[in-house]
Amino acid sequence: MTALPAPTADQIWVWIKAWLVIHTPAPFQALVSIVCIVAAIIVVFASLFALTVLLERKGLGRIQNRYGPNRVGPCGILQPIADAVKSLTKEDIVPRSADHVVHYLAPLVLVAASFLAYAVLPIGRNMTAVNLDAGVLFFFAIGAASELAVFMAGWSSRNKYSLLGAMRAIAQMVSYEVPLILSSIAVVMIAGTLSTSAIVHEQARTTHGIAHWYAFTPWGLAGFILFMIAATAVTNRSPFDLPEGESEIIAGYFIEYSGFKFALFFLAEYLEMFAVSGLGITLFLGGWSSPVSFLAWIPSWIWFFAKLLVLICCFIWVRGTLPRLRMDQLMNFAWKFMLPMTLFVILSAGIWRFLPVTVAGSAALGAVVRWLVCALVVLLPYGTLARTLESGRKIEKREYRFAD
Amino acid sequence: MSVAELERLVAAGEDGLGDILEVSMGPHHPSTHGVFRMDVRLEGEKVVRLKPVFGYLHRNHEKIAEHGAYLAAIPYTDRLDYLNSMTNNWGYVLAVEKLAGIPVPERAEYIRVIVAELTRFQNHAGLVGFLLQDMGASGTPLMYAFREREKILDLFESLSGARMMCNYLRFGGLRVDCTAAWLDEVRQLVAGLPRFVDEFEALLRENEILMARTQGVGVLSRELAINAGVTGPMLRASSVNYDIRKVDPYGVYGRFDFRVPLGDHGDVYDRYMMRILEMRESLKILEQALRGIPEGPIMDPKTRLRGLRPKAGEAYGRIEAPKGELGFYLISDGSGNPYRYRVRPPSMINLTILEDMCLGRNVADVVVILGSVDIVLGEVDR
Amino acid sequence: MRTTVPFLILAVLTLAGGVAAMTLRRLVHCALALTVSFAGLAALYLNLGAEFAGLAQLLVYVGAIAILIVFAILLTRGGDDKAEPSFSPAGPAGAVLALAVFAVLAWAVETSGLAHPAAIPAAPPEPMRALGFALMQRYVLPLEVIGLMLTAAMIGAVILALREKRPQTPESPRSAAP
Amino acid sequence: MSALPTVEDLKAQIEASLPGAAVTVIPNGSPSAQHSLLLDHEHARAVALFLRDHPDLRLDFCSLVTGVDWLDTETTEKIKVKKMVAGPDGSEIEQEVEETRKMKVPGYLEAIYHLFSMEKKHGPVILRLRTANRTDQTHVPSLTPVWRSCEFQEREAFDLYGIVFDGHPDLRRILMWEGFQDFPMRKDYVPPADDSLAPLPFASLQRASTKEARP
Amino acid sequence: MADDLKELKIELSKNGIFTTTLEELYNWGRKNSVWPLTFGLACCAIEMIATTMARYDLARFGAEVFRPSPRQADLIIVSGTVTKKMAPQVVRLYNQMPEPKYVIAMGACAISGGPFRDGYNVLRGIDRYIPVDVHIPGCPPRPEALIHAFMTLQKKIDEQALRGESRPRHLHADAPSEFPVPEFGAHGLEPAQNDEVFLNETGNPLRVIQ
Amino acid sequence: MFGEGILQGLYETAKNFFGSYVEKDRLVTVQFPEERRDLPEATRQFPFLLYDGNDPEAGLRCVSCQICEKECPPQCIHIEKSKDKKPDFVGKPQFYPAVFNIDVSTCMSCQICVEVCPFDAIRMDNEFELSTSNRFAGLLYTKRELAKSNDYYRKIHPTEAAECDERRDKEAEAAKAKAAAAAVAAAKAAQAAEQQTPPAASTPAASASSAANGAAPKPAEQPAEKKPVTQ
Amino acid sequence: MNIPQHPWWTVIALLLGAVAFGITPLALAWLWAKVFSPQKPGAEKNATYECGLESKGDAWIQFGASYYLYAIVFLVFDVEAVFLLPFAVAFTSLSAGACLSMLVFLVLLAEGLVWACQKGMLTWA
């Protein structure tokens, strides 16, 4: 260790870690460094989970004209702790006919997979746990494990509803993983790298004080929206929460889980949501960078978490509003709308690169032309696909007649 | 893998449909609206058979009523369709009035209309909320519906003393008169309710997910609806113009100007919209009733409540309850308690065609279709 | 040591997964064990510094193939069927086949330059980018062929499935039987 | 509401169109004046179809089906019987003696159908079907094939009264569980002994849950 | 109640501060995170739903997490008439809940059969088969009454000891955690009650008066 | 079809979310138990027995006529008549309930007992915080728990109580007048008989029918009485 | 850092940490059950939940084929994505011709998808 980074607000966590590392004996420095990273990720995101659960319950409450939990501790902030204590001391039931080993492993696999995804998320400047060259690919590869975990949970419970839930879950996750990957490929194309830190650095550049976020381009915006829709589906959030569709299959794949194992499912579900939102931020919303240069003084990690919080709020908002889709509609939506749309987003991103930056010597005109063309490449198929999505069944606004 | 095994697999592949999963949905299920059960056979998620099973709330209403006095049955009718005690009361007292030939003062008839239409409004609002809950809308529409329902229940409480089990109507009139202040409160509420219906419609009427989930789902043809004795908004969604308030006007319904909305498709969306449109029509009736309510007694002083002994005979009285035709059939043998007391429960009979609507559809559709039937187990099982 | 200890661990894991996949009695367990084996293989790639290959292995095998296998099991025999005893008549034949494949592979590796460490070229500074260039320039034709094959595979699957799709009566004869 | 013929006219119409059908008018003494028609078993379904499909009647909507239990009744009547009694002189003479005779009128179960028309918007027409007795001959023809709406209600009458509807597609218990053996809505049903109200805090609350119907 | 408290205090001092804090934490966690089972039977269920709705908002107590699966629920609110046809299912659901589990009998019907207790198919109180923690009279009880009952339950939880003989049932290794499910007989449920559960205040089984 | 319906819905919920911070209508929670809504006067929960004066035993209005016991639909009232009699508010000797139990675990709060009571002796309470873990003793209300004073009644049902008090005052006055008249009549029989109209409509039996007839207010219909000099 | 650090050590540590994060509370819960609140399994309690009824028939049944098709199509697109990724990384420096060949690759697959769509195979049964 040659020098500590400057202990600015931006780099405070990096500085603390470095400080800890240089004050440990040399043989343990690597270990301390790793432990720091791992502990930080686990502590931060586990507490974010607690916070989000509370936020969701209170936010839904507000949407529904009520308060939500507000009696446990000041304003109800201790509610998640009470829930944790309760879950810890709850009896653990494993159904007799269940496959005990798989039943036990499923939540662990799910939690492990959810945590692993954070390894490649840059949560601040110089704050990526593992700067892999193929970071984005790593993220998706890890995501594959959660599908299996869900299947393990649903199948091993040997309950009809849980099996239905598991089948739903896999079909859904599998179908939406494709658009999720494809929409991020558009970003990879333009950024020219799979490394998450590099992608963020790419977006942190500014022109005229405005950052180069990919969400500020037509294909990026479309890609972001598609990405977030797919992310909602992959993480089983409303309106894609079919695998645990309470009104139909009771509690879905974790119907037979009790005690803390159930809490782990809950945790993993939220962790996945954070992770995939984090990736969305990294890919499209400039990661830890500020959108305009005059706000660059705000520490990078605050930017990241602020964006994450906004996305979480959107998830809650959507959950508070929309009814759930049906399985066939969900699948149709994935294969007949999302997938073609992401392909067009890739096309649009390709065109974006090949279009000249200046047209007739004017950069402004060039920008406008580029914008329009790329937007059209996305919007036209959107119009047609939206129309033909339900071509088999006519969905329409209706007028009603009255008899006197 | 042996060849025989492979052949077996190929054969299974030819078969291709997979096994039939027999699931019982209910009696404890979040969206069976109580202790209702459907024995469902699923192929994947497709329903290939569905048998409704009920009786889990069969609490012997009819037997108890046959053992009690005519008056004592009124609080029990509250608990039939426990969301709509006022209309249940009305159905019963109408039957008794027919059986014993009891006249009802005009003011009482007006108040009956007011409470019945308020009841209809809150039932429909609640139903729409529950229906969307079944579609997975995480409670928000239900919360809004109950927000308004509470306002109506407050009025019921200050009128009759109870929120749900009003026990308010009496044969020959009402238990207590309403005050002018109460009527003013109703007027105020009725003025505010359209805003709620607007909000409700804005929230979800044109929502693509809702339309996709409900349009073309659970289609009930006109002919089947009539033959199966389906009544209420469900019947009208199948474009049958049959509303007892129009066809066989009871009380003072003949005096009000209102329309009967009709659906053309007979699917869940139409049933959903029937409720919303009927809420608006109810508000119209309420406005007229509140304008036209006369002064006067609410009860003929000659009417005997305690110890009523109608002449031997029988009578069938029916009203348009929020869920359909609610009828009460009474046989008197001249004694102080009915010899036969029978309820025609609309939601039970509307369930007859549940299987017809659900076959070939998805599990998720089943709960939505069931939700659109609008059942209350207290009435189905009695 | 640094390279061999992890290698050994991973190799054992992979092999254990494979053996478990062959011997476990419940088919779903076998599939899960196979997944462990896949994951172990991916980890081996990663251990060798082949980041892309390792992650792609995870993505495709753990993410897709494993799911496919699991589905296949559930589609054909439900979940509870026990696997047959380890030695079916086809067992020895399988063993012979496996040996043959191993022999061919061993021969190929031994005769190629890869067997000799000196021949391994240094990894390019940006392996992914280099891979992309190679794919899009030198191997563009194979790529298109792969595309065609994938399409063909999809069409084949659809055709197979299409045969199974037949008019369905609400009460199929099988469900009528008790 | 379009005009509906009176029950007498209906009876005449039915008997004219369906030769052999025996229809009895059962008058109703209450102010509601809803009189009903008693049908015979053989022609019940034909009559139902006639009522449903007749272009002027179109009673397409069977609103209510219910069972009623009429208990065995004992009527006592005094009749004059000529009897040979011992005369004062020891010989037998014929003499009119007044004698009270107990007549046991067998009870029966009754299924009652209330018909309306959705097309013509009139009603009700009330049909009655009676079983021969309450014990072993409790069959009546089912009208479910004519009106689907009878399906559950006939099942209910079967469940609670034990009326067996011949021709019903799925006659099972509907409200009580399979394996329940009684017909609880019958007037003489007595709940099992262990089913008393106890242990309530005060014993006199033992109400007439087991009591007979009041006369 | 006072005796219980005293006993509790003595017990606490015996076990030292560690148990005390642990017990407090345990009770605090349990009482503030009571997740009810989504389970409604009849009229009272509507008032139960109303309690969770905006006007009354049971969520303030952290109890709006209605879990549809008994595995994840802590509390079963028996809200409405338990019929004989339904009783086995209720008992089974209760059995399938993990410990610690609580029962609120909401409304007259759940307590005693209420107005319907004369019915041939009505169970005269769910406490014949499962132990009930809190009874709420009313037909149906107002939402406020349910909140009050909920607070009563919270208080009850709060007063439970972790150690000692007075500790609640679920902490006793030999106390049953599931109760026999009654069976459908030819005329009624068999048995008509569970003598181990249906006790009077003195802890003696209540016999059915023949 | 392009998602505008979804956006509209999102707008509605957002309006409610932000509205909940500013608008009373969008945050309707009443934070029971700290906040309570005023119960409407008509609210009924369980019956209680009214007594006049300060002594719940002596002032109890119930005369143990057992009409409510008979009419109670769920049969949750249990009355045992006393052997002796005690004078009621008009001084007439009446029976009183030796035992008066109400099983609130069965009561359906239908108010029929109140309707049929000819003596204004039973009324509906609005107390609802009654949850208990004591199944039997906790839910069986005896005479001691049921007896509540007229002041309490005035507090929870002011209008109804005022009406009731007025009626009873009249009855008491009439009875007093009658007694006085009887006393006077004993002295000067002929003169007094002309002046006094017997208050026929105010006998308990008559008010019974009034209560049964839907408690229709009818004091106005009562024959105007000459106010006798009292006190 | 002066110590050579393979990035995968962090990943492995994170994996271990995550598993520990999952196992620790489970162990605590187990400990709690051991010390205070004994596990009480029972015939009824550990039976399969099915809406309050006894579960009839096995849940592990043969499933319909519709799921399988989706898995295959997913596999195809997963593989496609794997080929797309290196292309995407190199995209900025690729010639238009190379991009066109990738377009052909994509179009081939898209065509297959459209064909499957038209055959109605992607309509959930």
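Labels A, B, C, D, E, F and G are assigned to the chains in the order they are written; within every chain, residues are numbered from 1.
Keep this in mind: contacts are C-beta pairs under 8 Å (C-beta built on N, C-alpha and C of every residue); 3 or more make two chains touch, one makes a residue touch a chain.
Not measured: the values here are computed from a predicted model.
In summary, the chains found to touch both chain D and chain G are B, E.
Using the average of C-alpha coordinates as each chain's centre, F ends up farthest from chain C. At the centre of the protein atoms shown, by the Cα-centroid criterion, sits B. Counting contacting C-beta pairs between every two chains, the top pair is A-G. The distance from the centre of chain A to the centre of chain G, each centre being the mean of the chain's C-alpha atoms, comes to 15 Å.
Centroids built from CA atoms put chain D at 68 Å from chain A.
Note on chain placement: the centre of chain C and the centre of chain F lie 81 Å apart, centres being C-alpha means. Centroid to centroid, with C-alpha atoms defining each point, chain B and chain D lie 29 Å apart. In chain A, the residues that reach two or more other chains under the touch definition are 63-67, 87-93, 132, 134, 137, 155, 158, 160-161, 167, 170, 174, 177, 192-194, 246, 250, 255-256, 259, 320-322, 327-328, 390, 395. Listed for chain D are residues 175-177, 184, 200, 207, 209, each touching two or more other chains. For chain E, residues that reach two or more other chains under the stated contact definition are 26, 38, 53-55, 57, 60, 68-71, 85, 89, 93, 96, 98-100, 112, 115-118, 120-121, 139, 142, 170, 177, 200. Per the touch definition, chain A reaches chain B in the complex via residues 60, 63-66, 160-161, 164, 168, 238-239, 241-242, 245-250, 319-329, 390, 393-398, 400-404.
Against chain F, in their complex, chain B makes its touches with residues 68-69, 71-76, 78-79, 140, 144, 147, 150, 154, 157-162, 165, 167, 170, 173-177, 199, 202-211, 297-299, 301, 303-306. Every residue of chain B that touches chain E in the complex is listed here, in rising order: 27-30, 34-35, 55-61, 63-64, 67, 75-76, 79, 82-83, 142-143, 146-147, 149-150, 163-165, 377-378, 381.
For chain E in complex with chain D, the touching residues are 85, 112, 117-118, 120-121, 124, 184-188, 192, 200, 206-210.
For chain B in complex with chain G, the residues that touch the partner chain are 12-13, 16-29, 37, 43-44, 46.
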